[in-house]
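To start, I am sharing the structure in question, which I have written as structure tokens.
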Amino acid sequence: MPDSLSNISEKTGMPPGSLIHVGNILETESIISIIDYGKEHIEELTVQSIEDILQYKEKDTVTWVNIEGLRNIELIESIGQTFNIHSLVLEDILNTHQRPKFEEYDDHIYIVLKGLSLESDKFTVNYEQISILAFNNFVFTFKERNDNLFRPLKKRLKNNKGRFRGMGSDYLTYAIIDMIVDQNFILLDSLEEFVDSVEDELLINPTSETLATIQRIKRELIYVRKSTSPLRELVSAILRSETQIIHEKTHIYFRDVYDHVLRITEAIETYRDMLSGLLDIYISSVSNKMNEVMKVLTVFASIFIPLTFIAGIYGMNFEYMPELKWKWAYPTLWAAFIVVPLVLITYFKKKKWL
Amino acid sequence: MPDSLSNISEKTGMPPGSLIHVGNILETESIISIIDYGKEHIEELTVQSIEDILQYKEKDTVTWVNIEGLRNIELIESIGQTFNIHSLVLEDILNTHQRPKFEEYDDHIYIVLKGLSLESDKFTVNYEQISILAFNNFVFTFKERNDNLFRPLKKRLKNNKGRFRGMGSDYLTYAIIDMIVDQNFILLDSLEEFVDSVEDELLINPTSETLATIQRIKRELIYVRKSTSPLRELVSAILRSETQIIHEKTHIYFRDVYDHVLRITEAIETYRDMLSGLLDIYISSVSNKMNEVMKVLTVFASIFIPLTFIAGIYGMNFEYMPELKWKWAYPTLWAAFIVVPLVLITYFKKKKWL
Amino acid sequence: MPDSLSNISEKTGMPPGSLIHVGNILETESIISIIDYGKEHIEELTVQSIEDILQYKEKDTVTWVNIEGLRNIELIESIGQTFNIHSLVLEDILNTHQRPKFEEYDDHIYIVLKGLSLESDKFTVNYEQISILAFNNFVFTFKERNDNLFRPLKKRLKNNKGRFRGMGSDYLTYAIIDMIVDQNFILLDSLEEFVDSVEDELLINPTSETLATIQRIKRELIYVRKSTSPLRELVSAILRSETQIIHEKTHIYFRDVYDHVLRITEAIETYRDMLSGLLDIYISSVSNKMNEVMKVLTVFASIFIPLTFIAGIYGMNFEYMPELKWKWAYPTLWAAFIVVPLVLITYFKKKKWL
Amino acid sequence: MPDSLSNISEKTGMPPGSLIHVGNILETESIISIIDYGKEHIEELTVQSIEDILQYKEKDTVTWVNIEGLRNIELIESIGQTFNIHSLVLEDILNTHQRPKFEEYDDHIYIVLKGLSLESDKFTVNYEQISILAFNNFVFTFKERNDNLFRPLKKRLKNNKGRFRGMGSDYLTYAIIDMIVDQNFILLDSLEEFVDSVEDELLINPTSETLATIQRIKRELIYVRKSTSPLRELVSAILRSETQIIHEKTHIYFRDVYDHVLRITEAIETYRDMLSGLLDIYISSVSNKMNEVMKVLTVFASIFIPLTFIAGIYGMNFEYMPELKWKWAYPTLWAAFIVVPLVLITYFKKKKWL
Amino acid sequence: MPDSLSNISEKTGMPPGSLIHVGNILETESIISIIDYGKEHIEELTVQSIEDILQYKEKDTVTWVNIEGLRNIELIESIGQTFNIHSLVLEDILNTHQRPKFEEYDDHIYIVLKGLSLESDKFTVNYEQISILAFNNFVFTFKERNDNLFRPLKKRLKNNKGRFRGMGSDYLTYAIIDMIVDQNFILLDSLEEFVDSVEDELLINPTSETLATIQRIKRELIYVRKSTSPLRELVSAILRSETQIIHEKTHIYFRDVYDHVLRITEAIETYRDMLSGLLDIYISSVSNKMNEVMKVLTVFASIFIPLTFIAGIYGMNFEYMPELKWKWAYPTLWAAFIVVPLVLITYFKKKKWL
């Protein structure tokens, strides 16, 4: 379960633009890493303060500043002042309950996304808010966690001289979004395995735990959908926007992301449909089991209750019960004890109860 | 349950613009409080009549008149005459069954909202209608109740010299709406706790009371949704409108409110989905319990009914029952009494009934 | 149940514009009443024929002709000829299965509505089709029934000199529509009482009759929704239209009607949701009751079937049953008869079955 | 069940415009009948070949050629060549699995509809595809069957000199569509009767056959909806189109058809809702019946099982059972046999089980 | 089940445009076949490499290059370079998890589709991704499998001199899409047969396997819908686009494809509705069966338990039981043993339980 539905009221009543980190505060020290690159060079370093960033501001090269950990509010505040960012945007960066969205400003764009990752082998999803601030030659990324999410991207930057480094900050923005969106495919693969295993379980031995698992995945899926469904609108807003930050020739890449988002959205709907189908199977199989139990009860009761009655008759103590003295009465009765069940069993078999 | 669905027909057949307070009439004496502020000064006072308001009308400063309690119809009528407000608007202020909406007039805008607050620890929501009439330098707010809803706002006005006081009546309007909208987050937090506790209850010991609670929250949620879902349209109508009251530079704040409204709307949908899931779990667990009861019955009946029959056989009084005289008959039968149940229990265990 | 779904095929195969009264023909004699008013005067009379109407045609004052009862087809035909109305409109006036709609013509507008009223204390709704033909200074209303629906309106016209009489036929049109729309609020109030009483019944003693009532209201609500949902579109069509009949300054009143229509539509959806919720409660409570019955059966059977078996053992007639001769056997068995049930009851109590 | 879902793959892999009759080939010989009319004259005849039609082509009068039976492919091919019709249109005329649609061409329009009629007293619907090709003075209709569907129309043409004959081919097109659309009302009336009778059956004696009937009507309704729902779009496409064939003044008649289509569409949705309601009642009544059965079982078992146990006790053969010798033991026991059931019955009555 | 939901994460983290075949890699050797045709000639050949294609590039005739099997990545890369195709398009051709889509480029269009075919007599669908790259005189098709899908098309090209060969590459594109779309009709026919057979099975003998089959088809239908529903948008995008590749006069053919797509989409929705109906029938019939079982149990228990009790009474060993000595007691009891069941059976018959 994401934390995005809890503690959302922490800031109620505060003035807009109050810079307070809202959300599950992760005890991560803020780490600032910079990659500056152009066609011919690349430079990677980790810095401590805003001053170290400033020197890249006027340069012609593309500079990517990645900030992991949101505890250092002063840092974000000073970035806001230096780069002239609206206080509401700074507030959104720090409040990790944002809905994915895209906003244009005069000389920059602001994008918020949710990075989804699986925690363990149980289908539990971790949500991380990732904010992107893209300027003409500058890209800031703000992450909650200190992890290796962007490592393959950095590797590509370092190796792949040609295309990547030759393109501007808009292509970098695309590459970051693409990376985050494609993370969802890993999630969906894992989800599919889970659904399959639950389905097998349902066919072999459905327990109330299976039901709980189905419900848990359904619930998790509600959250996943909440994080991914605004992406469609987000990417198409980027494509529609007239911002100077995203150049015309990068649009084809964003359209590619848009296709991926469509596929993810559809896959989630598909899994929702499937889980509903599994729920139907579960209810149906419980009902079937009850039916089976009832049949056993009915068969036992229907066979032995009449027999017990017959035995009860000849257990009566009347003085005048002529049968009691007949020599073949007892064996005859035994014959009845054998024939009656056989008849009933045949009847039940005909009714497909056995 | 809100009162908004009851007594709605009170006014049927009356001429439009009839000034009658429709709704649960709260016995609150109308209290008029004024805050007048500018960059450099702030003044707060409580007045008795419309005349005390008039002196602020021509001033350049922003004046916020907050009226709590709607019993004083003459007051509202005279405001209407002095400030040239359409009688239908006055009617809407007094009729507390309004749907949240936004209306533009020549020199003012009219906004109706529902303020939601929790009554007690049970999830019961109180609904209060709040009307906002915003002029260029004047903002009226009409509340049904006499409470401290706006206290944090007043505090910010008094302390925070810089931004707030330097901005116009449109920013004040924003701040009021933001305050009311953000109230919903408190509600949602409480709702989440409730849903969690119900879920725990369902897993431990589901009773028909749990069901009643689920239904009650579902019903309450219908009303909450009714009060919040028009907000989306309301805020976007403000953003789209060409009124002179809301200035271009305040739009960014309203867009922020719009984001909050989206988050609230989505959270409500999420909770609705969850409650439906809980209902499924409830029905499923009742069905499981029935199943368990049936199994116990079946096991008992299936084991003892055949045994009783066997005992019944040797309770018969036939003269020629050779077994009755055999010395080992009785112990043999006891062996049967032990073996038969063991066989059946093994069989039921194999079928996973025990 | 409205008649609007029955007899709808009566006219199939007839030429368009055939003037035949389709619908449940009410045996009401057509009554023509006229109200002619201006700022300074008002005149009310009942006339017999079309000629009596003609004299008002050229006058400057507003004339409202209300025709109750649709049996007099010649009358409607002659109105059609005199006022130059399309034969399809005349057909629609007479065919009382119309969907609420708004149509503009060169010098008049045509509006069809459904007037809803409650028949008795059971929630049974009566539907009456009301057609409005509004000219510049002339308004025709055609009603199926002869009742007092418009009485409050006439009263207001007679008393309230100022506003009402000073405004044109468009305001009269508004007032009529407003009257009909607000009738629905009475219906909704009654509906709410009904839903509440059904809910109480469900909690105390749900019977299959309760289910039938829920289904009946649900069904009635389907018809009510059918009659009210097109109103939204109707009123917004009036607001969008460029007809000369409805003046700009009357728009604000129609917007007010639009708000009422929205509230009615939403309330109906809310009640539909609630009725579905009640159905869930019903099914759940039936299931709970079954569960309870099963538990009683299981408890009785599980306690007494083993005991009967024990008693059966010592009812056997074997010669060698040493226990039969023991002195304490019988009291010991009685002890068993008391202990076994106690153990089982404790077990069932632990399982929360008792 | 319509044939429109079967055999749809017959033509897969064929070139477009292949003239093959696809659908249930009805063994109807193609019959060509012509009605040629103007203000002053009318002429009706049956012809054998395309040559007989040609003479009317250049005339100023309106000519309606009605072709019943689609086996004569050469005929349709030669009409196509003579009147310059695209081969895809000819293909659509012959392939009776078309979705209702409207297409404009340079000098003609093409309309496909489904004519629905009831087969017998069981609710079974027959579907017939009717194609209309309207030119300026020429209208072709292509029907699958040889029936009297158009007879009332022909009658009106012959009798009603004035309006009908004075209008052009667009009015004829309207009249044909109106006729086909209004057929649906007959269907809906019959459907209503059916739903009512099923509802009565449900209340008196619900059997699994009732369920089958509900399912069958639901299924039939799916097909009916498939045939009628595109009509809305079709008629509004006619109204929007800028074709020269449909004149401005005929639009009012098509708007009338549009209203009818809306009413039909809404009625079908209403019946779908009702059938779902009936299904709920059915399931609920089955559940109620099971409940009743369970109660009887529980009452019988709960009363007699304890009594049998008591009787069993005194059927034991212990030597030391002092009660056996008491004189009043047997009558006392009889008293118990009467009192215990009375107590239990009172208990069950209190629980509302009896 | 399609492979399109599995392995979708294979490429996550790779740069866009990486040419790697993603999907179930079929071990098909890439086969390149060329058909070059004009009004007067046609030429068909199989080639090994890109060089053999180049000679046709400058020709005026239409050239159709069909590539079956996607293992030969170099081939596709060299086509990309020679024909100046964006690397993202090449990536999409190789990644067989695409959603059907249409993209326009300067001198070519790119279309991705799913070819659906049935695997065996069980309703299992095979999905094949087919990419179409259409230039002015050149059409590439990329298929995953080596099969005869396009054989009828090639036949038509060879035989049907007139129309087909006289038209350009846009008509060829249409013909290919039409072929693939019409494949779905075969699928739907087979689906209908399946649904019918399942329905028969449900009426005769519903087993839990029937349920499994319904669920399996439902699931398969989810995938089929995923592959076909984007087609509507795809074809209408082609019709809306302003590309030079598709000429105005070919639009009528694409509109025909659009109609087919609509019919397919509607048919799938219809089958989904039907399958839900079947599920209802299944659940209902299971419930009915349970009801029947319960009735048998109740009848047996209710008849024999009281009788056993009566027999139990006279099995008691009291000394003072006067009835035991009555001569007619035993026959009288037998009469009771016969009368009591008859009374109960009559009662149950009246209740319609037998």
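By written order: A, B, C, D and E. Residues from 1 in each chain.
Please note the rule applied: contacts are C-beta pairs under 8 Å (C-beta built on N, C-alpha and C of every residue); 3 or more make two chains touch, one makes a residue touch a chain.
From a predicted model like this one, the values you see are computed outputs, not experimental measurements.
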### Task
Would you kindly count the fewest steps from subunit B to subunit D, each step being a jump to a chain that touches the current one?
2
### Query
When subunit C meets its copy subunit D, do both sides use mostly the same residue numbers (more than half shared) or mostly different ones?
different
### Task
Quick one: report the Å distance separating subunit A from subunit B, using the average Cα coordinate of each chain.
27
### Query
Taking each chain's centre as the mean position of its Cα atoms, how many Å separate subunit A from subunit D?
43
### Query
Considering subunit C alone, which of its residues make contact with at least two other chains?
287, 290, 294, 297, 301, 305, 308, 312, 315-317, 321
### Task
Spell out the part of subunit B that touches subunit C in their complex, as residue ranges.
5-9, 11-16, 86, 88, 97-99, 101, 103, 205, 208, 211-212, 215, 218-219, 222-223, 226, 279, 282-283, 286-287, 289-290, 293-294, 296-297, 300-301, 304-305, 307-308, 311-312, 314-317, 321, 323-327, 329-330, 333, 337
### Summary
subunit A partner, complex, touching residues on subunit B are 152, 156, 160, 163-164, 175, 178-179, 182-183, 185-186, 188-189, 192, 203, 252-253, 255-256, 259, 262-263, 266-267, 270, 273-274, 277, 280-281, 284-285, 287-288, 290-291, 294-295, 297-298, 301-302, 305-306, 308-309, 312-313, 315-321, 352-353
